[in-house]
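Take a look at these structures.
The following pair of complexes shares a single chain, chain A, combined with chain B in the former and chain C in the latter.
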Partner chain A sequence: MLDKQMDNLIEKTPKKTNQISVFSKRKRTFAITFFGIFALFAVSAIVANYNILSGFESIPKAFAWMAGNFIPDKKALSRLPNILAKLFETALLAVAVTASAAICAFFFSLLGTKTTKAPPLVSRAARIAASFFRNVPNVVWAILLLFSFGQNILTGFFALFFATFGMLVRMFIETIDEVSSSCVEALHATGANSIQIILQGIVPSSLPEIVSWVLYMIEYNIRDSTLIGILTATGIGYLFDLYYKRMDYGSASLVVICIVILVITIELLSNKIRKVIM
Partner chain B sequence: MRDLSFTAPTPVSLDFNKCMRKTKSGKIKTAVKSKSRSAIRFTIFALLGLAACGFLTFDYKDIELSKALAGTWNNAKALFGQPRLNHSSLPGALNALYMTISLGTLSTIFGAVVAFFGALLCAKNIANPVAANIVKSLVAFIRAVPTILWVLIFTIAAGLGSVAAVIGLTFHSAGYLVKAYAESIEEMDSGTIEALKASGANFWQIVLQAILPSSISRMAAWTFLRFEINFINALAVGAAAGAGGIGFDLYMAGNHYFDLRELGFITYIVVAAVILLEMLSTKIKAKVA
Partner chain C sequence: MPILEFQNVSKVYGNTTKALTNVSFSVNEGEFVSIIGPSGSGKSTILRCINRLVDTTQGSIIFDGHDINNANKKEIRQVRKKTGMIFQHYNLVDRLSVIENVLHGRLGYKSTLSGAIGRYTEQEKEQAFQILAKLGLTEQAYKRCDELSGGQKQRVGIARSLMQEPRLILCDEPIASLDPSSSKIIMDYLSTINKNMKITCICNLHQVDVAMRYAKRIIGITSGQIVYDGPPEELTKSKIYDIYQSNEGGLITDVR
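Here is the complex of A and B:
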C-alpha cells in the first residue's frame, strides 16, 4: 500500500512540476542571448567590413605608436599659450552655450510639463519642438550653419546650442514632472496663481536637479565642441585638426592632454558641487 | 522624576510676531538659509558670469548676425522643406545607414564586454580597493578624451576605415559603461554576495549566480542607451574623420556638393533611424526589466 503510494508520488512529481527548473531556464536564456549577440556581431562585422584580426592587431600598434610619437616635444611647448587660449575659449563657449540653452529650455519645459497645466496644444508643440532639436544630430546643425556663418565661433555656438536646448528641455520636463508635482498640487489647493506656483513651487524644488543637469551638459559640450570644431574649423577642435593634418603629433598630443585636464577638472568640480546641493 | 500627568495646557494664542522670522520689509520668511541653497545660488551666478564673460570676449570677426541668421533660416527651409537625393540613390543611402548602425553595434558589443570585466574590477562591493582606484582613474582618463580624437589617433595606426572607427568608439563606450555597470553592481543587495561567500562560492560563481542575474536588466538598459549614443557618435565620426557610413554622406552633401536638399534627405533618414532605435530600445527595456 505504502509502496504503491510512493510509486504514484514518484510518477506524479515530474508531471506536477511540468516547468523546467530555474537554473536550466536561466541557462537557456543565457545561451539564446549569447547566440543572438554573436549573430548580431557577425552581421554587423560583415556589413561594416570590419576585420576582427586587424582590429585586435591595431590596438598594441596604436599604443606603441602613441608611446613613440604622441608625446609633447619642445615645439609643442612653444605653442602652449596658443593652445591654452583656444582651450579657455572653448570652455567659455561650452558654459555660454549651456547657460543660454538652459534659460530657454527652462521656459520651454514650463510649457511642456504637466504640472503647469499649459494648454495641451501649446504643451504638445513645445515637446515636439524640443524633440526635433534633440533628434537632428548636431553634425547636421554644424554643416547647415557653416553655410551662412562660415568659420565663426557663432557656428559652433549655435550648433551646440540647438542640441543642448533639445536635450535640456527633455531632462527639465522629466525633472519637473518628477520632483515638483506634489508641491504644485499643494500650492494649487491654497489658491496660488501660476506665477506664484512657478516661483515658489517649481523653481525651488527642481533647482538642484536642474543645476546638476546643466553641469553635466557643460562637461558634455566641452567634449562635443572638439567634434564641432573639427567640422566647422573653430576652437580647440580646429587646432587639433590643424596639428594632426600637418603631422605635428607632438603639438596634437599636447592639445589632447590639455582637453583631458580640463574635462577631468570640470568633472571633479561639478561632482563637488553636486554633493553640496543635492 | 517629573510627573508627566500634570503638563500645563498649551497656550491658545501664540505670539506670532515673536515666533516668525521676518525679512527686513516685514514679510514672513519662508525659505531656510542653508549651505545647499547658497551653493546653488553661487553656481548659477558663477555660470552666468562666465557666460557673460564669454559673450563679451569671443572673436566674432565682424559677422552680421541678422544677415547670417536670415541666411540660415532660408537654408533650413530648403533643408527641411525640400528633401531630395541628387548625388546618391536611396539604396546607397540606406546601405550607408546600415554601415553606421553596424559600427554602433560593434562598438557597443566590444564596449560592453570590456566594461563588464572592468566593472567587476571596480565595483565597491566586490573589488579590491587598490585595483578599483586604478581602474577608476584609467576610466576617467579614457572618458575625458573626446571620441573623435580616439578615432583620429587610431586612424594613424589602423588606417582610415571601420577598424579605426570601431576601436575609437569602443574606447569611449567602454569607459562610459564601466561606470554605469559598476553602479548597477553596487546597487545590488549585499546579503546575496555575503551568503554565497559564506557557502564557499568562488569569485566566478558569485559573478555568474548572483551579480549577473540581479543586475543584468539594469546593465541591459544602460547598454541600449549607449547604443543610441554610439549610433550618433558613429555618424559624427563618419562626418569628421571620414570613417564612412551615413555620416560621411552628410559631410559630402554639405561640405563637398553644397547640396542642402540632399543634406535634408539624409537628415530625415537619420532622424527616422534615431526615433526607430529609441522606440526599439524602449520596447526591449520594458521586456527585460
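Here is the complex of A and C:
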C-alpha cells in the first residue's frame, strides 16, 4: 500500500530533465545580467572618457589634500558660536518641516490606503499626487521655488516640505495597509463607522511605525537642509558655502564636523525612542 | 422562526471567479451551524455576505426579517451591531489593552465622537469586566493584546463580539491557528454561549470531527455550492469525501 503511494508521489514530481533545464536557465540569466552590466559600464566609461585607473590613483591624493587643508584652525574655532547658532536654526527648520509634512501626509495617506475604502478615484488621485511630490527631488523643488520666494528660508521650508510630504504619504500608506487591515475588518464587523475605525483601529496600531518614519525623515531632512541651504542662502548650508568660497577651508570643515555630530546624535536619539515605543 | 435566510445567493468576484452559486438555506434562532468545505470553497464568503463585509451579486439574504441586500449604510450598521464576528487571526488591535479591545464591541452603539475618542459609560465598562470574568481573562484585562497567547487572544475576540449583545455570532475558522487544548476551550465557550445565551452561531471549520461534535447541523459546501445540509449523524464518510472531492485514504482524518 505504502509503496504504491510512494510511486504515485514520485510520478507526480516533475521529470528530471525539467529540473536541469531550470538550473541551466538560471545560470544563463545570471551570465547575461553580469555581462550586460559590464558592457554597460565599459560603454559609458568610453563615452564619458573615464579612466578607471587614474580615477583610483587620485583617491589618495585627494585625501592628502583634504588632510592638509581641512583641519579646523583657531580662526575656525572662533566662529563656532555662529556656526552652532545656524546649525540650531537648520535643525529646527528640519523638525518643523517634518512635523507639518507628517500631519498633512497622514490625512492624505488615509485617502490612499485600501483599509479606509475611500472612493477609488480619490484614492488614486491621492497616490498620484504623493508620487509626483516624491519624485521631484527636493533640490529641484528648491530651484523652482527660488523663482517665487527668492533666497528665503520659506523656499527651503517648502522645498523640504513637498519632498517629505511625498515620501511620508507613501510610507504611511504602506504601514497602514500592513498593520491595520485585519483589525479594521473586525471593527467594520462591529458596526463602527469610519471615523471611529480610524481613531480606534488605524491610529493605535500604526502610530509607532508612523513615529519611526517621522524620526527617520527628521534625520534625513537635517542632512538635506544643508544642501538646500546652499541654494537658498539660509542656515548652515549658506555658512558652509560662504567659508568654502572664501577658501576658509578650516571653518568649512568645522561646519561639516558639526553637522555630522548633530546627525549622529539625532540618529542615536531616535533609535532610543524607537526602542521605547515599539 | 428563521433568523437568517439565504435565497439563491450568488457571488462573483471580479468578472470570472465564482465564489457562491445559488446558495439557499435558512438558520433558526438558537441553532449551532457549522460550515465545512475545502479551502476556497466559499465558506468565508458566506459569513462575510451576512454582515455585508462582502456584497452579494445575486439573490437575497434576509436577516431578522429585513432584506439586507438593499440596506443603506445605516441599516448595514444595524445588522453589524447585532452580529458578532470571530476571526482565525483574532483581528484585535494588538497595541491596545484587552479591555479596550473588548469595549470596541460597543462602537456600533455609540455616537461618532464618543466612540472615536473611546469614551465609554460606567455601565459598559462594568459589562466588559463581567464578560472578561466569564471568559477567565480578568487578570489579563490591562495587558496589551500582543502579550497574550493565541487562545487568550481568541477569547478576547469572543468577548468583543459578546459586548455587541449579538443575536448571531459568525466564526471564521476560530480554531485554525490554535493548539488542540486552546481549541477545545474556545469551542466549549462558543457552545456555552450558544446554549446559555441563546445566541445563534455559524461556525466555519476545517476540522470535520470538531464540527460533528459541536454542531447540531452541518452545511457542506464545495466550489460555492451546498452539497450537504443536515445533522452530523447523517454525515456519512462517503458524503465527507464528496464535500472534499476526495477518495478513500485522501483525508488526514483517514490516517490512523
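The rule is simple: the second predicted complex is superposed on the first by the 241 of 278 C-alpha atoms of A that agree within 3 Å, B and C clash if a C-alpha of one lies under 4 Å from a C-alpha of the other, contacts with A are read in each partner's own complex, and residues count from 1 in each chain.
Please note the rule applied: contacts are C-beta pairs under 8 Å (C-beta built on N, C-alpha and C of every residue); 3 or more make two chains touch, one makes a residue touch a chain.
Just so it is clear, the model here is predicted, and its values are computed rather than measured.
S.K.: Between chain B (first) and chain C (second), which, if any, makes contact with A:Ala48: first, second, both or neither?
M.R.: first
S.K.: Once the shared chain is lined up, is A:Leu187 touching chain B (first), chain C (second), both, or neither of them?
M.R.: Second partner only, chain C.
S.K.: Comparing chain C with chain B, which touches more residues belonging to chain A?
M.R.: Comparing chain B with chain C, the partner touching more chain A residues is B.
S.K.: Looking at the overlay, does A:Pro204 come into contact with chain B only (first), chain C only (second), both, or neither?
M.R.: A:Pro204 sits against chain B and chain C alike.
S.K.: Which partner does A:Gln196 contact after superposing on A: first (chain B), second (chain C), both, neither?
M.R.: second
S.K.: Return the residues of chain A at which the contacts from chain B and from chain C coincide.
M.R.: Residues common to the chain A contacts of chain C and of chain B are 200, 204, 207-208, listed in rising order.
S.K.: Would you mind writing out the residues of chain C in touch with chain A in their complex?
M.R.: Chain C reaches chain A through residues 51, 53, 77-81, 83-85, 87, 89, 91-96, 104-105, 107-110, 112, 115-118, 157, 160-161, 164, 170.
S.K.: Can you name the residues of chain B that touch chain A in the complex?
M.R.: On the chain B side, the touching residues are 30-31, 35-36, 39-40, 43-44, 47-48, 50-51, 53-55, 57-61, 63, 65, 67-69, 71-72, 75-76, 79, 98-99, 101-103, 105-106, 109, 140-141, 143-149, 152-154, 156-158, 161-164, 166-167, 213, 232, 235-236, 239-240, 247, 250-251, 253-255, 258, 260, 263, 267, 270-271, 274-275.
S.K.: Which residues, counting only chain A, touch chain B once they are in their complex?
M.R.: The touching residues are 26, 37, 40-41, 43-45, 47-51, 54-55, 58-59, 61-62, 65-66, 70, 89, 92-93, 95-96, 98-100, 135-140, 143-150, 152-154, 157-158, 200, 204, 207-208, 211, 214-215, 218, 223-224, 226-227, 230-231, 237, 240, 244, 249, 256, 259-260, 263-264, 267, 273, 276-278.
S.K.: For chain A, which residues are in contact with chain C within the complex?
M.R.: Chain A residues touching chain C: 182-183, 185-193, 195-196, 198-201, 204-205, 207-208.
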